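Given below, in the form of structure tokens, are the structures.
What follows is chain A paired twice: with chain B in the first complex and chain C in the second.
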Partner chain A sequence: MRLELGNILIKDVQFGANQGVSGGILTVDPAKLREMILEDDRIAGAVVELAKPGESARITPVKDVIEPRVKVECGEMFPGMVGKVATVGEGRTHVLKGVAVVTAGKIVGFQEGIIDMTGPGAEYTPFSKLLNVCLVLEPAEGLKPHEYEAAARMAGLKAAAYIGEFARSVTPDSIEVYETKPLLQQVQQYPNLPKVGYVYMLQTQGLLHDTYVYGVDAKKIVPTILYPTEVMDGAILSGNCVSACDKNTTYHHQNNPIINELYNQHGKELNFVGVIITNENVFLMDKERSSDWSAKLTEYLGLDAVIISQEGFGNPDTDLIMNCKKIERKGVKTVIVTDEYAGRDGMSQSLADADPLADATVTGGNANEVILLPPMQRVIGMLDYTDKIAGGFDGSLRPDGSIEAEIQVITGATNELGFMKISAVEL
Partner chain B sequence: MQNYIIITNNPLTARNAASNNVLRYYEGVDILSILTIVRANIHEGHKLATHPLTSSIKPNETPYKTVLMYSRKGSLCVESLEMVESAIRVTEKFVQRQPPRSWDSMPQKILDDLAIIDYDMIKQWIT
Partner chain C sequence: MSKLRVVHYINQFYGGIGGEEHAGHKPECREGIVGPGMAINGAFGDNAEIVGTVICGDSYFNENVEEATKAVLEMVAKLKPDVFIAGPAFNAGRYGMACGAVSKAVAADIGIPVATAMYEENPGVDSFRRDVYILKTGDSAAAMRTAAPALAAFALKLAKGEKLAPEADGYFPRGVRKNVFVEETGAKRAVDMLIKKMKAQPFTTEYAMPQFDNVAPNAPVADITKATVALVTSGGIVPKTNPDRIESSSASKYGTYSIAGVSDLTEASHETAHGGYDPVYANADADRVLPVDVMRELEKEGKIGKLYETFHTTVGNGTSVASSKGFAAEYAQKLVSAGVDAVILTST
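The block that comes next holds the complex of A and B.
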């Protein structure tokens, strides 16, 4: 499978009636965008606002972040959700690079998810560096949280596809090509390099904790194999936003840095054979079955090593360790990627589960670290329950609009794909 | 349909559980107490069906917890015991570090939403 990503570098985004991309400037008509979103009668109101890097703006509570794209050839946008069911990961996709659609709305009262466009909080989220087209979505009266979540999820995806369409006829500034061959050919291409796979754990535990694969709720799948380009091309979509620091937005799935880096090393240090997707369920029987299958698939693919990334904290630690142990026992080396809840001083046990076989670990940071977010001139969304958010505490929201909370309130702060700027340095 | 012992302090779970299950509803008790009750059931020979830590809402961020156990009794399940002991340790750690809010003063809308998140994870098996 061969995917061409045509990147169109966007320098600025503005509102205007003449929609499209010209000279690196994206123009969006907010009235038309709103009209399209309000076609769904589950949504009673949609406010469209722009948030640019460096502006004194706070977006909250963030539901999802999505990169606007268009399938120029082969496949559908967000198959099984916006587009028809079709396999993606092939042909040409145009990307409006530097832009994101950000959806916000209070689906449940304790929901966090903050993107600050400037100040100390901005350093903790990669989305502060993007030109964000924000949609604040109000539900129809009496709408249940499940229906509101589904409507908000669809509104974001439809908006990203709508804006992405403006990229169809634009000549990309750069074209990146990614290719993975059918398994036996791929193994033969670099016979002397270690065969490396990626075990991609998807959060699947119910409302605000779900992920979708080609439109299927991933709690209903058994682990399976994808070409890496399928993931890059919209096969996996987020329904997931609490707690915000370590949940993968759709943008994360579209731009998974583990997949990118494995491709960077493909043919040099390793042979990147494919992606195994698996889920994180509530029932112990399901955890056993899924980890059995992910281990079995690493064996079936003949892998020498895998990277395993987790999504979330707590009981997914059990899935992570089950995957790690069972895969190691197949003779396949593992590196796990997680984050930590190690207390505000970072001194406590970091994970809820552990095993001696998990001896190679990468962390996305300590979600309990406390941060003071200064007031912003503009709030896109609402702060009405900020004292009640996960990661906040009584008195979190101060009268001047500043917020003292753990960094788990910040969207993407301790992302377990490594999609952020936190890193370790040796002193 | 498999029936379960439902150990919960969540009124939404208690209201909706189908009658073929064994409902043990502990109104108003905290999460740590729920886990301690679960542990006692494990010592009596029941096995865990669901993981005692659930969702991304941390143990000090919600008042509600529902755990499903298999109603059939057998010999002590060491794996279940280790899992609940670990969950108790994690819960104690979170609660000691940042005690939960006073739930009595929490708006009902937020309590309802927290109840939905806990219930949503297990509803398909108990209704």
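The block that comes next holds the complex of A and C.
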């Protein structure tokens, strides 16, 4: 599969009736966007706001972040969700680089995050560097949290596809090409390089902890194989409301940095042959089956080494360690990417499970470390839930609007796809 | 600027009292510098001064830890120090244990910077490296020439509140995890690490896996029909409105609530504070997480002796192992002293 990503670099975003992209400026009509979102009768109200890097603005409670894109040739946009079911990862996709759609709303109340566009909190989220089109979504009366999640998820994806459409006939500023061939050919292309795969763990811990693969709830899959370019092209979408710091938003999936870095070494130090996706179900039987299968697939593909990434923490630590030790026992070398819950003082053990075979670990940092977020002039969304969100505590929200909380509250802070330049050391 | 006041702890051997035959020597305090304090004090220059030395026999200390620690603490406090140092203990095991214990006590009680120094195989390292800064030294007094100035320099850095790192400053890592911003993304670091691992080149993991402790199960309850059974949960079930404000994640406390006369938890009476799962079903019927209804039925049918009248609860979501251990250590004692025979521990 060969994918061309045509990047259109966006310098600014503005509201206006004349929608489109011109000279690096994206113009969006908030009334049209609202109208489209409100077609779904599960959503009673939608406020559209812009948040730009450096502005004194706080977006919360953040549900998802999505990069606006359009399939110019081959396939569908967000297949099985917005578009029809169709295999993606081939042909040309145009990307509005530097822009994101951010959905916000108090879906569960304590499982959404914070994005600060300036100040110390901005250092902990990649989304402070983007031009964000924010949708604050209000549910229809009586809507249950999981129905609200589904409605908000669809609103975000539809908005990203709607805005992405403006990129269709724009000439990209740069084109990146990624290619992985069918397995036997790919192995033969670089016969002298080690065959490397990527074991991609998807958050599937239960209701409101879902991830979708081509529209399928990943709880209901057995581990399977994807071309890396499928992931880059919208095959995997976030549908979860979990602690903000280490959930993978749709943007993270679209721009998975492990896939990018493996492609950077493809044909040089290694032969990147494919992605194994697996889940993080809560029943022991499911954990055993999925980790057995991920290990089996590394063997079946003849891999020499893999990177394993986690999503979430606590319960999925067991899936991470099961995957790691079963794959190592197949003679396949592993590096795991995780984050830590070492307590606010950093003195507790960081993971809920461990094994000596996990001897090569990359950490996204300690999610319990406390940060003081100064007040912002503008709040996009609402602060009612700040004391209750995971990582917050009684008194987190101070009268002046500042927030003292664990970095767990910040969307993407300790991301386990290695998105951030954050680590932790032992002092 | 006036010199910092330093108190130094040493054993009977370095105190010039004698060897093993004098290891029962009780704590004593001398004004000024004794033994290795000379070299340390010299290295302090104009910045600090050893104003007193506490000497204690290694056997006495280790056989009378509580009393000895108390006596040493009193002596140290009287000297009103700004900084406390102990050793170096090199590979002397009991000396190392004493240096670690007194340093820990001084830090906790007097609240001043403390530092000690010893060899990596000294049992004092494993026992106290998480509590106090322990500098690395050679295994015998032959290393005093380098250890003494190193301890002096380190103590000064500590007193000034300068940033410290285990490798650069030569101390044993204290198990404290601290976030840092680095040059490369986690993804790049992971791929680089994988390439090294594939080539069998040395690499450094960013988190060394801990050794887990396993708890052996107790013997079965002899007669469950006569047993008092308690319910404990990490599923966050609390009386409606969460009166003690247990956090939705990283709980800093647990709650203790009465279920005397309660045979069913309802939407009106209880809810969950837990932030790690969809709360709809637990809020609609908290018995799903804390099975009071079923326990009452078993009690009525005589299948258990009785249900204990209070339950302990916390939120397991993102709560550190150290906090969890602390909560359990406390309420386990309460349950034991209340005569509880068995506990059903529910999670989520």
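Here is the rule we go by: the second predicted complex is superposed on the first by the 419 of 427 C-alpha atoms of A that agree within 3 Å, B and C clash if a C-alpha of one lies under 4 Å from a C-alpha of the other, contacts with A are read in each partner's own complex, and residues count from 1 in each chain.
Convention: a contact is a pair of C-beta atoms (placed from the backbone, for glycine too) under 8 Å apart; a residue touches a chain by one contact, two chains touch by 3 or more.
Remember, it's a predicted structure, so these values are computed and weren't measured experimentally.
Once chain A is used to superpose the two complexes, chain B occupies space that clashes with chain C. When the two structures are aligned on the shared chain, A:247 is found in touch with chain B, with no touch to chain C. In the superposition on chain A, A:285 makes contact with chain B only, not with chain C. When the two structures are aligned on the shared chain, A:318 is found in touch with chain B, with no touch to chain C. In the overlay built on the shared chain, the residue A:344 is in contact with chain B and with chain C. A count of residues in chain A touched by chain B and by chain C gives the higher number to C. By the touch criterion defined above, A:206 lies against chain B and chain C together after alignment on the C-alpha atoms of chain A. In the superposition on chain A, contact of A:175 is made with neither chain B nor chain C. Shared interface residues of chain A, touching chain B in one complex and chain C in the other, are 108, 110, 145-146, 205-209, 242-243, 313-314, 341, 343-344, 348-349, 352-353, 368, 388, 390-391, 393-394. Considering their complex, residues 108-110, 145-146, 203, 205-209, 242-243, 246-247, 282-285, 287, 312-315, 318, 341, 343-344, 348-349, 352-353, 368, 385, 388, 390-391, 393-394 of chain A touch chain B.
The touching residues of chain B, counted against chain A in their complex, run 48-58, 61-62, 68, 83, 86-87, 89-90, 93-94, 97-98, 101-102, 106-107, 109-110, 112-114, 116-117, 120-122, 125. By the touch criterion stated above, chain A contacts chain C in their complex at residues 108, 110-111, 123, 144-146, 194, 196, 205-209, 242-243, 257-258, 260-262, 264-265, 269-270, 304-305, 307, 313-314, 333, 335, 337-338, 340-356, 358-369, 388-394, 406-408, 415-427. By the touch rule above, chain C contacts chain A in their complex via residues 130, 164-166, 173-191, 193-195, 197-198, 203, 205-212, 245, 247-250, 252, 275-280, 316-318, 320-323.
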